[in-house]
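Both of the next two complexes hold subunit A, though its partner changes from subunit B to subunit C.
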Partner chain A sequence: MATAAIPRTGKMTLSLDPALLIPVVGAGILVYLAVLPLLMLFVGSFQAEVAPREFVYTLKNYHAAYASEYTYSTFLNSLIFASGSAGLGFILGTMLAWLTERTNTPLRGIFVPLAVVPLILPGVLESIAWIFLLSPKFGYLNVWLTNLFGLKSPPFNVFSLPGMIWVHSVGQVPLAFLLMVAAFKSMDPSLEESAMMSGANTWQTFRRVTLRLLMPTAGSVLLILFVRTLESFETPALIGIPARIYVYTSEIYLAFNEYPPDYGRGGALAVGLLLLSAVGVWLYTRATKEGKKFQTVTGKAFRPRQFDLGGWRWVGFGFLTGYFIFVVLLPFLVLFWASFLPFFAAPSWDAVQKLSLDNYRYLNGFRPFWDALQNSILLATLTATVAMVLTSLVAWIVYKSRLPGAWILDFLAFVPITIPGIVMGMALILLYVAFPIPIYGTIWVLLIAYVTRFIPYGMRAASGSILQIHSELEEAASASGASWWETFKRVTLPLLRPGLVAGWIYICIVSFREFSTSVLLATGESRVLSILLFTMFEQGQVTVVAAIGVLMIATLLSIVAVFYKFTGKIGIQT
Partner chain B sequence: MSWTQRLNFALAAMLATTLILPNLEAQSLDELHKSALKEGGTLNFYATLAQINAEKILPVFEKRFPGIKVNHVDATSDKLVARAVTEARGGKTLGDVLQVPLENVSQAHDQKLLLETTLPESAEYPSGMKGTFWVASDLQFIIAAWNTNLVKKEEEPKQFEDFADPRWKNRLIAEPRDLKMLMGFAKYKFNSDEKAIALWRRIAANNVEFHSGHSQLAELLVAGQAAVCLTCYSHHYPTRIKKGAPVNYMLSEGVASINATAIFKNGPHPNTAMLYARWVASQDGQKAMAQGGRTPAHPKVEPVDKTRTEKIYPISVADIKEYPRYEKIWKEIFKLR
Partner chain C sequence: MIEIKSLVKIYQDGDNAGVKAVNDISFNVEEGRFYTLLGPSGCGKTTTLRCIAGLEKANGGEILVAGKKVFSALDGTFVPAYRRPIGMVFQSYAIWPHMTVFENVAFPLRVGKQRLSNAEIQKKVSTALEQVELSDYGERMATQLSGGQQQRLALARALVREPQVLLLDEPLSNLDAKLRERMRFELRELQRRLRITTLYVTHDQVEALSMSNIIAVMNSGVIVQEGPPRDIYLQPKTKFVANFIGSTNQMTGQVTKLEGNGTATVHTDDGEICCGILDGLIAGSRVVVVVRPESINLHTQQPPIGSNVIEGKIGAAMFLGEYVDCTVELGKNVLQTHQRYTLQVRRGDPVWVELPAGECMALPAE
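Presenting the complex of A and B:
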């Protein structure tokens, strides 16, 4: 590429200057990763197959997707599922956050890390654990409650829309919790204090001041939970499809996986879901910007005041304990218990006698498990590395280079956040199945998918760190004769390290648990753990699945332990 | 030639047929093995074979033909065919062998994805068990099974008519796609659509609960989600019973459907594909299938487990053509989408 003038170096040159080459290459990579698949998807949504492998362009896919007899039920299911999960997740998360951050509930400190633990439980396992607990006839909680109160019929049915909402929302609680903790932490207490001074009691202050101050944050948190539920596929796959309750993601999946595969209709549904999600994300970013009008974080040093709950603090304690036992601990325990059983059975003396290490022994000699584990570890580490290198370069260009048009890179790196996992999987199949480089069906397609999906997370981590570095450090290096690359390598990169490590580990975790993109892309030799879990669960080896789940959780816990050691705190990037 | 000479000659000829002919056959499989190794030694195997069966069957093949590794792409049958169609759409054939229920093989054939070929091994199969692009790999019997904790000894069902009794209300589960049951009953049990439809309507009145996937159904039954599974696979039960699971199954009558092996046209490893297809159709392969817990299709190979029903209602190739009609009725009876 010929460059005429580069303001930063002031040299007139026709050589390849990294200062310009890198932004262009970066933009190229981002377009390739984020825009090209969407283009394929969009084009595909207008194609119809008239004979094997003969296509015409048509609008009828959109008609099939949005004007069929099932359009309404799918739309309604999706809406109820997403708003229900967002609402419930938000309420539980906010309760936890408020009780632990702003009240004098006893022992609240220990509940903070406990509330975040479910983050590492992969969605597939979360759903499986709740199937074990809440299946109408054999679910442990149902059996227990039915026996305890002598009920005629089981109180819960996980294979229902409320069941799906419950399972998905408890998975969302940690996110809601972390976002709300941040909001509570940054709240100026003087407003509440004024209310109290003016004679309001605790409840009145909470309702009329605290709640209202929280409105903008609450709105944006609800929105992000709504969008994430809409995009999710774990619960719709494991509970929705068997119960024949279909939402957008499962419709897209089935359009692709049932005979005859209907890419056109699937594509049209995917474009719709993409638009919905994009609107949601756009509203979210707008809401968080709007939120500045209600700024409560100032330079003033303050500690948010604690509400004295009086006797109610024991109710708060009861709620936290109950939540921890039933929502955090129970799913882990049920998986652990099931992993020692030959087949799923309710706890009884008979079942205790059947407990053995057989499932773990079986896994020891089970090749697909080791292949999948290897793929998952390889992909998690590679994805994290590639994504962090790429995003630290992009973040540097965006925030430091002062190049015109750098915002385009920022925008491109943000685009993937709007792409639901299943839509990404579908787009990548359409792209790579016809691609000249034969990576379709290998783990390299998964690497591309993961890197693309997690670029926005990487950007958060990288840009946060880069913004903190003053340019004078780099300018000093540059003035001392260091080249651009040397400056980046020897000054910028070391300064970025803590942020990058945190981002790296976070991406590692989310890649390791990834399901909704992999479900379409991972097959045979490229299968990853979450997909192995799903297929084996479909094939009825549920107790072996529980054993894999236990090992998977152990692996993730050890990653988190490293994370904790490096950062000393639990953070979140949305 | 004296009679002793003649006897010797006859004996030699018999020996030749018993020893040399199988050798010739084996030799050609071994030759095929050599060509397969030159293709890289991988078989991309698109098959619904469950892990518990695959892990017993595929190693036998890999051991018999060293250097060949089976890359088993496993999913439900419609997913596998959909995948093959998607790949063909991108101008690629990545699968070598397809081994799924016959109706799905025939879908792949409609999409012009399969090789027309007659394997030497298929000569031993009756005409309903092979076609121009497929040969049966095993049989699946759709039967009724029950949880022994939830069904008392004296109420154990003897035939499907029993499930029309109101005492089974809210105690039944089934697979939503098993319209073969309706079809098999209409064509082979009653020889009448009306009678079959009437029976299934009476069963439907007992409020059948539907769950996708036969393996999951079996597992749900073991766990006690329902008393009876109306459309389960017989081969899912012997292993579970051996492990002590509280289930039993009815072998008095059942619908039989064919699982078939076919070779992809223009697959990446054509000789390896041929090697596997011929092996699995051979008596050796069929014995491996039986050992792996399936019901072999070869007329001379007996199943290891008790999976065959006494009365068999076999879904034929011609029947498959009538799928759409029965599917409509089936969905209407159970109000399925």
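Presenting the complex of A and C:
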């Protein structure tokens, strides 16, 4: 028997030969982007500057960050803010999802795309729009309601914890909605039907089967909303800080904005937030894995059962319409309206006569706006390109090369999802302030920050499309006489393109609206649109801010339009 | 045309010692023959095919295609898949969804070593599409074809390069029963017409029996029996082969006497049976006597004394249209038999089964 069985560590079928170099370089880049800043943050949080450029190791920062009573009120605020937003966002999202997916509410079909529309509104603008509506001094809704019912004091005050919870949770609703729609859609109707055949009535079926099946998903959705709220900084910055309601993220921001900036305490706070977020993400991944047990998708095509609401369906319709008008449409309208005003005023005949394009004319000659717009567009496109090139390479190594240790790359590319935006900013400050190459204060440090933060999104898009390609499609090319390169060029790449384009555009959008990382890193010439909005709003130029907001939304809408055109055209149904 | 010598393929299974998916197999496929690897899933048949295609690198042995060494563990030869003179049809067909039917077929001509002119490509693709009767579909997107058409398209793509060897990996398993039957016939006709050496992998015994010149039955990474379809069906050499090909009745027993001429008497729980016997078995060996359901004769009256007649009663009778499927309860064993549709029996009726000695075979019990 001539079988000198040569021991081989893995099977490489279609991988190219200098294949080892690429994974190593990929791992190096990922470590540099995702791990090094965290390391610097960790080290920095234990350091104190005793003399210029002279550091000692100390626990003083942690003492300053966590041992004061003041910190506990911040923690309590964060907790209330995050659980309130998660709860409210979840309830609204689930209601919308259930009404549109599982009931016979009239016209429910058109509400599905409408429910997702708020995703286009950057968090900063969401907060600004609700301040326009609910500010106790000049908020439109307050003014109207006070006049209408002759109230003594305005009914709403956005500058409060409940106000923050409301503003942030309506921004979270689309996410909760999408996740719950997926859960409702994947539910096998025969599970409910067999409960009915066993003698359970509609309510019993809903309570004992439908609800129980949704439990794991609901838990993980709540968790992800909680973590995202904890990490967010838009509402805490625009509403929380003026209202003197401080949460975890604003605490980090303020430590940095003190004079002199207290990097040590900021770092110590950031480490804590990072750990919280990491635990949340860990629990979430565990929960979704657990949830597989409850997975109700069988690959068989089915239509979920529809509940007949009877007369109640008009109540459902009313809820959907009300939600759409007050929560989705009103913020857009108020921004649009305000952008034509010379100063903030409620809609009235007087105000209509004052409407003009002055704000837009002003912006036309306003240098900082054009600089910020240019930075934002440049960063969005560069981030999307770099992230997609990097992640498609990494995803290919992870899922196709079958190299030993490829999972390490997968893990490294997942790490950034645990890094809250403001923590990323803090870590990069610590890393690049003393960096030999002077990139701090330029848009390049923002590029690094964005790419790192959005690598996980890129991974999802790239790995999704790579996994979709049946390996026999590539093998067939090989068996037809195509070399590795020909296979890649003529088969793999064309099949990947739609998924990669979708990922590119998604990253473009999230980069364009990014705020919580930029707020620490974007200064002077590297200012981006969201930061310009923030500073100008703080300075009180509210109607100009509204005009910038309208232009920003227009830009985002055109990106989305291009996205639909692309995915519609080159989307391949398989 | 294809020569396989002592092929070994090991899959690394975590840190454990590898699993031998293919364990030292050797066979030859002569030019123009239709050779089938038949076996249950996980028996190593597809792995063998993929080693020949060059999609997997074997760990030991040698592979020659068209007289040329394409793999050898001894001197490290490994010709990549795209340099081997093969055409292959995949189980999923692997039709590229981003190309038209024409472009799918033209692909092997466009990427090959020798560059062809557009006119030549046009001509060759047309011929290939004609062969599989898809001439009218050239400009369609490949995904618009039906299952059977996609299957033919995959075949055209595999043939357009005029390969020396055609490899087929369960090409019919994704089709519905009616279509599968027709494609079986068409595939065989095409192979005969082109006289192309074909290696076919399947788990379906009907496909293997109806299409092949030679069948190799595989189990757990080794070839258990190799031969023409008739031999495989009528003279299985092991219990596994008898069981895998068609349904089989088994009665365990012990050889009491060798009669010479390849026959013997076997003592079973339900009496003495006279049957054929495999070489090498001796008196006293533990054996199983195998007999096919359609070989058994069923009598409702006791036949005049003949050998191999056992009395029993009907356990169940199912009318299946083409035939009646009966189970007969003997003393210890239960036999399954297929009888003409005219047979009218009911549960509990006394019957006599006659086992023709020439169609019973004693095989080693293990």
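Descriptive notes on the structure:
One rule holds for everything that comes next: the second predicted complex is superposed on the first by the 516 of 574 C-alpha atoms of A that agree within 3 Å, B and C clash if a C-alpha of one lies under 4 Å from a C-alpha of the other, contacts with A are read in each partner's own complex, and residues count from 1 in each chain.
In the analysis below, contacts are C-beta pairs under 8 Å (C-beta built on N, C-alpha and C of every residue); 3 or more make two chains touch, one makes a residue touch a chain.
Small disclaimer: the values here were computed from a predicted structure and weren't measured.
Looking at the shared chain after the overlay, A:160 reaches neither subunit B nor subunit C. Touch criterion met: A:490 reaches subunit C, while subunit B stays clear of it.
When the shared chain is aligned, subunit C comes close enough to touch A:481, but subunit B does not. In the superposed model, A:434 lies in contact with subunit B only, and not with subunit C. Of the two partner chains placed by superposition, only subunit B is touched by A:345; subunit C is not. Of the two partner chains placed by superposition, only subunit B is touched by A:539; subunit C is not.
Taking subunit B and subunit C in turn and counting the residues of subunit A each one touches, the greater count comes from B. In the overlay built on the shared chain, the residue A:83 is in contact with neither subunit B nor subunit C.
Contact with neither subunit B nor subunit C is seen for A:442 once the two complexes are overlaid on the shared chain.
If you check the complex, the residues on subunit A that touch subunit C are 1-6, 8-11, 13, 470, 472-473, 475-483, 486, 490-491, 494-495, 572-574. Subunit C makes touch with subunit A in their complex at residues 5-6, 8, 10-12, 24, 53-57, 59-62, 73-74, 80-83, 86-88, 90-92, 94, 96-98, 107-108, 110-113, 143, 154, 157-158, 161, 167.
Contact residues on subunit A toward subunit B in their complex (touch as defined above): 49, 52-53, 70, 135-138, 159, 241-244, 256-261, 263, 342-346, 354, 366, 368, 429-430, 432-435, 440-441, 523-525, 535-542. The residues of subunit B lying in touch with subunit A in their complex are 44, 50-52, 55, 71-76, 78-79, 81-83, 85-92, 94, 104, 107, 110-112, 176, 210-213, 215-216, 218-220, 222-226, 236, 240, 243-245, 336-337.
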